[in-house]
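Some structures to go through are shown next.
There are two complexes below, and they share chain A, which is joined by chain B in the first and by chain C in the second.
Presenting the complex of A and B:
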C-alpha cells in the first residue's frame, strides 16, 4: 500500500517537473504558440492512446474503431458546449463528462455483442463500427443541425488550455496505472495472456472485456471532448477509420502492455509528424508522408516488440507483488463476483 | 460527393460507381421502389442494378482473393494490398493510355509489375517479422500502405491529383430482353471468371497449388514434407498482387478516374468481403465479394447512396455476430 502511494507521488512530482519545464520553455519563447498547439494535441492523443492501450495492450482486444469513440466524445462535448456552454467553465466540465460517458456508454452497448469475436474478426467488426459512425457524422446534420454533417461543426469556443489538458492527461495516467495494478488489471492481463485459462480461473471474461472496452473508449471520449474544446472546428474526417490506425500504431510501437511506452510514443509521434513538416520545409513537404511511412516501417522492423516491449519507466513500475498470503481464497478471490 | 459529371441520360445502369469518395457517383435515382411506377420498368431497373452489383462484386472478388490467400498462408491482414491494386490501376492506365498497349497486354504488364511489387514488399516488410508478434507485421503493412500512397503521390511518380482514364474502347450498351448491359460489364465479368477458373486450376491441379494449401494448414509440417515455405509465400504474394493488379486495370476502365489514394476504400471493402465469407477460404472471398457488391449497389440505388457504407458494414457486423468466423468459415474449437 505504502509503495503505491510513493509511486503516485513520484508521478505527480515528475508531472510537476515536466509542467515547470514546459512553462519555462514558453516563458523563454522557445516554444512558439504553434508548438504549444502541437504539445496540446500530443497530450490529447496520448489520452486516447492510453484508452486503446487498456483495450488492446492490456486486455488484448483488437480494436480498429478507436477513432470512432474519439469522435463520439468530440461531437457530444462539442454540441453541448456550442448550444449551451458558450465558453463557461461549468458547462465545459459537463460537456467533458458527457462526452466521456457517451463514448463509454456506446462502447458498452456495442461491446457487449461484438466482444465475443476473436482477434482479427473483432478488429474488422470494430473497424466496421468506425465506418458506420463516420457515415453517421457525415449525415448527422439531418437529425441535429448543430452537428454540422459533412461540412463539419464550427464555431466552438476553445476553453481548454494547456493546464486543463495536462491535468486530464495526468488523471488518465494515474487512473490507468492504478487500474492496471489493481485486481481488475490483473484480470485484464490474464485475459490478454490466455482467455480460456482466465475463464478457468474463475474470471468473468465477458464482464472484464466489456469493462476494459468501455473504460478505454471512455478515455477516447475524454480525449475527444478535450479536442472539441481545443480546436474551434470539428470535421468527420478527423475521426475516420484511418485515424484509428494512428492510435493502434502508437500503442504497438510503444510496446503492448506498457503505459510509459504509449505515452512516450504518442507524444513523440505527434511531434514527429509536425517536426517533419518543419524539417523538410516548403520544398520537400511532399516527402513528409513517404518519410513518415519509412520511419514507421523501419521502427517496427527494428523493434517488433515495440519501443518499450512491456517495460515501464522507473516511476511507472508496478508495485512489487507481495507473496500471496495463505488465506483460503487466494489472490483471485476478489475477482469472483 | 462525386461532383461534376452530368446525370446519366437514358441508360439506367450507366457509369455507376461504387467506391465512396472516388469517381462519379450514382445519380440515377428517379425510380424508387417505394415510389410510383411499380411494373416492368422497376423490374428492369432492379435487374440492371443487380448486374451493376455483379460487376462491382467481381472486382471486389479479385482484390479479396489476394487478401484471403495471403491471410491463408501467413495469417496477416495485408493492408498494403489495396495500394497494390492502385499501382495496378496506374500501370494499366499508363499502359493503354500513354504507351499505346492493347488492353490485354496492359493487363498482363500490370499484373507482372504488381506481382514483383508484392514479392518485394513481402521480402522487405513482412519476412523479417514472420516470427514476431502478428501485430508487428500488421503495423508494417500499414507503413507499406502509407508508403505506397505517398510515394505514388509524389509529383515525379503519379502525382496527387485525379487522372481521367480515356477508355481504350467505347462503352456500348446492348439491350437483351429489355435489360441493358454494357460491354465493359461483360468484359469485367468474363475476365474475372476466367481468372477465378485459372486460380482454381492452379490451386487444385498443380504442385504449387498443393504446396500453398499445405503451407496454409501448417508451416512446420509443410517444411518437414519438403515444401519450401518461403518461396510458396512469395508465390502467394505474387499471385494475390497480380489479381489485384488485374482488378485495378478493370477498375480504371470501368470507373475511369484514378488517383494514388483510390486503393483505400476498395481495399477495405474487399477485405471486409473476405472476412464476410470467412477469411482464408477462397470460395468465401468470392461469395463475400458478390454479397458486398449487391448490398452496396442495391442500397445506393434504392435506399441512399450516403448510407451505403454504413449498411454494408452493418451487415458485416450482423453476419459476424451470427457466424463469428464468416459465412463459410469453420468455427474453430477452442483448445486449452
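Presenting the complex of A and C:
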C-alpha cells in the first residue's frame, strides 16, 4: 500500500520536472510552436494508446478499430463545443466528458455481445466498425451539417493547451497503473494469459473483457475529445483504419503489457512521424509508409517482445503483491496449523 | 455432494455426451476412466460451468448449478484443474497461486492456505519467483493442483493430473491426491492411468463414447475382467 503512494508521488514529481523542462524550452525558444503542437499531439496519442494497451496489451483482446473510438470522441466533443461551447471552459469539460462517455458506451454495446464468445471475433467486429464510422464521418453532414462530412469539420476553438493535455495525460497514466496493479488488473492479465484458466479461477471473463474494452475505448474517446480542442479542424482521414493500425503498432512495439513501453513508444512515434516529414520533405512524404514497415520489421527482429517486453520503468513497477507476502505472518500461520 | 443426472452435451452438431449420470459423495475420491475421446474432459467442463448441457442437470451441494456461470461455481467451492494444466505462463509461481484465491476476500486466511500449499509442494516454494512457463512439466502439474487448492474447495476436480509425468512423479502426485482427500476435500479424478486411479479411488465409473458403461467400487472394478483387459493392460484373454 505504502509503496503505491510513494510511486504516485514519484510520478507526480517526475511530471513536475518534465513540465518545468518543457516550459524552459519554450521560454528559451528552443521549442517552436510547431513542435509544441507535435508534443501535445504526442501526449494525446499516448492517452489513446494507453487505452489500447489496456485492451490488447493487458487483457489480450485484439481490436482493429481503436481510431474509430478516438474519432467518436473527437466528433462528439467537437460538435458540442462548436455548437454550444464557443470556447467556454465549462462546455469544454462537458464536451470532454461526453466524448469519453460516447466512445465508452458504444464500446460497451459492441463488446457485450461479442466478448461473450471466447474466440477472436472482436478484431473482425472492430475492423468492420472502423469502416462504418469512417463512412459515417464522410457522410455525417447529410444528417448533421455541423459535423462537416468528407471535407472535415472546421471552426473549432482551441481551448486545450499543453497544461490541460498534460494533466489528462497524467490522469490517464495513474488511472491505468492503479487499475493494472489492482485485483481487476490481475483478472485482465489472467484472461490474456489463458482465458479458460481464468474462468476456472472464478473470474467472470466476459465482464472483465467488456470492462477493459469499454475503459480502453473511453481513453481513446478522451484522447479524441482533447484532439478536437487542440486543433481547429477534424477530418475523417485522421480516424481511419491506418490510424487504428498506428495505435496497434505503438502498443506492440512498446511491448505488450507494459505501460512504460506504450508511453515511450507513443511519444516517440508522434515525433518520428513529424521528424520524417522534415527529413523526407513533402514530396517524399508517402515514403513514411516504407519506413514504418522497416521500423516494425527491425524492432520485431531485434526485440520480438517489443521495446519493454512487459517490463516497466522504475516509477511504474508493480507494487509488491498485496496478497500476503509477509514471511513472518506466513510462518506463524504455518506453525499454528 | 455432486450429482450429475443424464447430461447430454454437444459440440456444434456432434454429440459428445449421451446422457451421463453419476454422483460423488462427500469425502470420496471418485474416478472417471475411459479411452481417449470417451468424454471425460467434456463431463468435467460441463460440471464446472465451462460448457452447457443440452439437457440434464448438475447438482452441487443440493443446488442446481446446471446454468450457473463458471465463476460463480468456483465461489461455491468447486475447483477445476483443467486438462493440460493451463497455468499462467508469464506469471510467477506465487502469482499463479494467488490467482487461485481470486474469489477469496479473507487475506490472512489466504496466507494460511498459501503456506499449506507450499508445505505440500516444497518444490513450488523453492521456485516461488520463477515464471510458471519455465517450470518442468511435473512442476507445472503441481502448480496447477496447488492453484486449485488455493480457493479451499469442497470438491476438487482433476483432469489427468498424471499426464506426461515420469512414473516416480506419478506416484507422488497420487499420494498427494490421497492426502488432500484425507484432509477433507472431496475429489473427482479423471485419469488415463486407470491402474493408479483405481488404487486410490473409492468408487469409479467407466465411460465409453459418451456413456457410462460400468460403475462400482474401485476394488470391484479392479477385478472386473473387461476393465482389466481394456484399461489395465491385462492379457487375461490371451493367457
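Note that in this section the second predicted complex is superposed on the first by the 304 of 337 C-alpha atoms of A that agree within 3 Å, B and C clash if a C-alpha of one lies under 4 Å from a C-alpha of the other, contacts with A are read in each partner's own complex, and residues count from 1 in each chain.
The rule we apply is simple: a residue touches a chain if its C-beta (ideal position, glycine included) is under 8 Å from a C-beta of that chain, and two chains touch if they have at least 3 such contacts.
Quantities reported herein were computed from a predicted structural model and do not represent experimental measurements.
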| item | value |
| --- | --- |
| Partner chain(s) touched by A:289 [first = chain B, second = chain C, both, neither] | first |
| When both partners are placed on the shared chain, which of chain B and chain C touches more of chain A | B |
| Touching partner for A:129 - first (chain B), second (chain C), both, neither | first |
| Touched partner set for A:190, first chain B, second chain C, both or neither | second |
| Chain B versus chain C as contact partner of A:200, first or second or both or neither | both |
| Chain C-contacting residues of chain A that also contact chain B | 196-197, 200 |
| In the complex, chain C residues that touch chain A | 48-50, 69-75, 79-82, 86-91, 94-95, 98-103, 107-108, 110-112, 114-116, 119, 147, 151 |
| Partner chain A, residues of chain B touching it in the complex | 71, 77, 125, 128-129, 132-133, 135-136, 138-140, 142-147, 149-151, 153-155, 160, 264, 268, 271-272, 275, 279, 306-307, 309-310, 313-314, 316-317, 320-321, 324-326, 334, 336 |
| Residues of chain A defined as touching chain C within the complex | 183, 186-187, 189-190, 193-194, 196-205, 257, 310, 321-326, 329-331, 333-334, 336-337 |
| Chain B-facing residues of chain A, complex | 62, 113-114, 116-118, 120-121, 123-125, 127-129, 131-132, 134-136, 138-139, 196-197, 200, 241-242, 245, 248-249, 252-253, 256, 286-290, 292-294, 296-297, 300-301, 304-305 |
